[in-house]
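Take this structure first; my questions come after.
Naming follows writing order (A, B, C, D, E, F, G and H), and every chain is counted from residue 1.
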């Protein structure tokens, strides 16, 4: 039982995805061995970058071992340890389209919020982060109304009771992308409580992504806030 | 297999409960046959009422058949069709203790809210009802701050995302009794979504009762708002 | 226990919501009695409509009794029996913004899909419906690629395995709003199976609303496809 | 991607909460890095304490690393290793209001029970702890009836079958705050079994907080047992 | 597609089961059509009863239609409408072995409790029923201690919080068979709450059967209380 | 809002599926209105049947209304009321490939078992049905060993504890397709109990389909028992 | 916050339990710190053993640290590392009553099976262990019929599909105590699959204890097989 | 409490299983101690191999410790570290029957896919592996249609949304064995999301095995693709 060659029997890179969908592929590292991530990163590094419109390749949900491997493959990658995210090439594109605002209910939700923020930034949007504005102190979110109302789309990241998206959506006309987090304990059930609350948001205009899925939320926000096509 | 005599092998009335706990027993009608409810009601009616301090007997969660039976046993009962609740004798006691405010997120939550309101009233509290103040329009709940801040305890009844208790608890110093309702559909799962949200309320000072348990919430509120003993 | 007056202790209409959020309020009828719906409808009818920018009031999830009541209150309402939706005034606004495409996996998902379609149309978007294109016959969805790729946002409605949003999102650059339906049996668990599949969509760019929540999906799609503000 | 300054992009302290709600803010440490906790603790230490009525700041659910950080920031904090709780300043206020009794079913429930006890004490209540009185040996709880009946509110902490709150609530007239714990195994499901049992308590007068939420129970008990306002 | 002959392709009676296991077979009627139940009943009636030691055949969980069919097949069957149970021949055997006590927490649990009681009686045990002794009023169960302590086995039937088996098991040395019932609402989840509580009973000596499974509990109790073999 | 034309906006028939996959399409009727089923049936009837190799069209999970509609559209359809299945044209093809044996644990599982049996028969296999052989009486299944061991594939239909597939798979070398049914009550949870048991079958060689999915099991069995291609 | 004295505020030993219930108390070590277990063990060691009829004290679910502590407190304890159980004094009592047979489906279930076996032995029963007789190879269990049929009660320990109790109960007249184990993976869900299967056992005569609860099963078996009282 | 002898009280090898069922037994190592695995391996090694038709013994789900033990017992075993599988003797049999294709959605699903592949190969089938063909990029799976259509059976391994089996089954006439994996996070719930999706596959011809159960899928595929008997 010989070991397979690099990428043979492991992965098929979809380097044409940017051309097809307009956004580059990201590499989800969780569940991959450091060796698999290294092989993929080397293939990314060695590909003809001229074919890749749309920006940097993102490596998401990196463990410490993954970060270590990637910092060796890419000498100049951008690394965000809070978000467990690596981008290469390191520079995000110049922002176009509408502004994306990422709202974070509590400090413990910050890793997910930053993953969303960076993803949208690397997909070419102007982004702003608003932190620690949970509904237990309404004055905090009400003080940010001007920023919220200027957004083309708002990403709301919250754990525990997941009440913030309902409150935010009731205050603005922009769509809200809600991200439940696994922050909490007991009957939070690893994010089920805020997930269900968000799916049942009593204000219309809320859509939900997977628990802790900052990448997906940032990607979706970038799509929503994309520059209007001529037909719009 | 002869049928049992009335109450024999069916129920044991706990007419001394008011003396022991300070609050009279209630009869939970759901799951009982109309005949069983009739037998219990007749026993209540025929008991020596002089032994019963603390007010009327409540019959809760009555079906139409139960309401019909009870209106025959008691010629003068108070019947609330929205709350599916019957009280006999019909007059609530003169209120003592602190004020109880019942807050109801939406119109569909009204039956549960009224069950809580009436229960607390029949256990001797002054009660006030605030309706249709869901978090999707924050101005509605903020407009009621004076009423909320005057309460000794607040019962918050909400379905769907169950976000209202967190918001209310963050605005007041009184304890909040949260009642999830089965209002909603899909991922509301018959009240699981608001139940979990309330258990994970991000503001301290929130306790939760069973889904749709207006009676329990009203009872608890009456206990919390009971007149202060001399040792307090 | 006298019955409350109409709307007193029942509901607070939020007729200013269109001014505040840009979209009019909808009345969710499930869980309300026909009498409550009548009272609300009459209040809507009698309000000064000049204050209501943004279009018609929608009554959603109407039972047969609700439809009956509403057809009496409004002599000229638009009624869609498949979607269980009533709109008044009956004419949708002239469409602005980008095109919304609603994709429906199977015939049984049609009520939810039409609810989404009509909601987006009444909120002022140009809409198109694509039906019966489940992934078991890929040729059906592939044949619609031009329509899909012209959309500013795509609503995908599916029950059972909920696989269609992943496939659609992989083919286009527009954001996808996924609506799980309760269509299916056994381990579909009333929509849990497609809900989970959609939350775990392996293509980025998918957000999810509640099970059977056609209204929410249509509303969100209208917000996403809204005309670009000058800052975009 | 520069690291944010202390608290910038991490947290917003709500030092005015004591003025607004009457109770000081607590810092929930789980899910925060030791560096984040240090930054918050230093901000608490350096704030003008004259503005903070209502007592000490509590740091809850501290890991060993958190305890280490906090003992360095505060030279004189009170540290309870069983409850994983730190209080600063260390002295609880002089107790006012009614007595709080914390009842603990088993030895393994002790950390949660002590968290409740200390929270209520630091919020200004007189507290008493009753341990190891599970319902499998009824004589143990019956022997404590005088203490139970003197309480203004009783916190009952139990895992496994969660039967103790029903039994206690049936014996007293005070409200019961039930805390399910994650003590148990197998079909205890991390506290779901006692949580459900407590939500279905067959005695009225029981409200429930999140699994293992000693802090929330203590806070609520302090609110319930607060000195009666003049209007009561 | 011709209809199958009676019992052909429908059922295989196991008339020898009494000889093999010592207890006769019961016919679980739920999910069977009235015609199927009739065919089975006629086969039972026509079989050579001389081969059937151990007593009558029981038909359990009968709908009204089933009861109707069975009363026509057997002119002299014993029918218990509360327990939805039919026995034929109608006379239970003379009791042998130890006494079985069936304890029922509330009136609504009575159908399940009677199913257990009658099953054990028809399998040849002396049985006694104790009703309405929920833990919310401990004096009720404590008053029955002599009956409980005389039992060879105790069947405890309870819904809601399912706390009664723990309390009973802590008071006696006999084994306890706990039967959760679907009595309750909301977070009782059709019997899940008492089922979990009983599985986590904090007193040893409790075993659990399926929700509402009075038949199974009665059968098991009869086996446990069977006359001691010579080797015991 | 004009009603759509027949099939327009309702369904797209996939009449070429037999050519593409080798098996004809079936129409799943649950969730479709009688009018929708009628429109589809008429389209099936009017299509050029010469293009349809592989056998009859099946209509599955028919309600009484569906059966009524279909018996009007097709004067000569085969209708099985137990299986709620209609086939047209009525004659199954001459059987080819290996024998399919359908094993049914109890009488209540019969509708699902017959749906599997008829599906496989209409897809061209020789089928045999074995009923009422639950594991509580092992002699019943052991008596059928010759039939079981002659099968190319065995479909095992069982509810409750779902134990039969493990036992059967341990006795034969053929693959087993396990079908959990919703037969049972309480902790059977509508088929979850046997579903989980079958997924955890301790004998290898068991695959599982959805709860009550007789059609899927019969289809799969027909594929497994298909005549061997030349390359086999 | 001074540390509590040994046992003060930690535990109340119930040394009279043997006198009250006939069986000595066991110490459940999971969730207790090694220091707490040491304090309890020392109290047990130092108590007047003359008051303790019924046998040794058992320490169950011991971690390696617990085993270490206990081997220091008791120089002569009996330690079973597979069952994680310690008994002191080490000698089980002379067996009385009927024989207990413990049946174990697979090797991985052995720790739970041995916990049951040893518990019943230390409570004074004659016990026998039968291992590795899963239903995937029926010949293994059928070969043990004489042992099974001689038992007064059978404990069946199984994970995965939990099918063994149904099969065993169908073969004998003795009651079966079923113990689901957390052995398995994926959809075994930590023992939920066998738990549900056992609760739905299609043979009557099966009762279930908590997942992995060997102690509870052994205790119950000892009660069931206790010597018959004179009234039996 | 003496330790049992090797295999005594631990396991019963079923070396005749190959003769009885046609396939050799595998040893599931998870949950067994290294010592238990060693004892079993030595018994396998020392048995008379002449009695074992059908190929090598497989050891599945090996930890690093298990691999270490097995490499000592068998000097020449085949070890696959990705699949955590050991085979002895190391050579698979010459393939017979139809081709088995194993399709793997993503890189992280590879361990399960390889376990399926190797199992089918050691049971005597010709196998092919297709990797990284998730539905987010349909061109990848469409490019493999010739390989898929040549298969006698296809094993599809996927986590996250579990959409691949529906797509594959819709493209081919061979049966599909779907294997959900625990790859994913949040609402993937350890494999529940793909498990449910696969059970609800909208294309017929899909059967499901347990989460991560590569062995079971490979075994089943080998049975399905077995050489046709003369009766086929």
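By our rule, contacts are C-beta pairs under 8 Å (C-beta built on N, C-alpha and C of every residue); 3 or more make two chains touch, one makes a residue touch a chain.
Quick caveat: nothing in here was measured; it's all calculated off a predicted structure.
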| item | value |
| --- | --- |
| Smallest count of steps, each to a touching chain, taking chain C to chain H | 1 |
| Shared interface numbering between chain F and chain E [over half = same, under half = different] | different |
| Chain A onto chain D, rotation angle from CA fit, given as a multiple of 5 degrees | 90 |
| Chain pair among C-F, F-G or A-D whose interface repeats that of C-H, sharing over half of the contact pairs by residue number | F-G |
| Selected interface, E-G versus G-H, where C-beta contact pairs are more numerous | E-G |
| Separation of mean Cα positions, chain F and chain A [Å, integer] | 44 |
| CA centroid of chain C to CA centroid of chain G, Å | 56 |
| For chain F paired with chain H, centre-to-centre distance based on mean C-alpha positions, whole Å | 27 |
| Multi-chain contact sites of chain C, meaning residues that touch two or more partners | 106, 137, 170, 186-188, 192, 195, 199-200, 210-211 |
| Each pair of chains that touches, named by its two labels | A-B, A-C, A-D, A-H, B-C, B-D, B-E, C-F, C-H, D-E, D-G, E-F, E-G, F-G, F-H, G-H |
| Of all residues in chain D, those that touch chain E in their complex | 105-106, 134-138, 142, 159-163, 166-167, 169-171, 184, 186-189, 192-194, 196-203 |
| Parts of chain H lying in touch with chain G, wherever the complex brings them together | 1, 9-12, 14, 17, 28, 30-32, 36, 61, 180, 182, 190-192, 195, 210-213 |
| Touch list for chain H against partner chain A, complex | 78-80, 106-108, 110, 118, 129, 131-133, 137, 140, 183, 185-188 |
| Sites on chain G touched by chain E in the complex | 21-23, 26, 97-99, 150, 152-153, 170-175, 177, 195, 199-200, 204-211, 215-216, 219-220, 223-229, 231-232 |
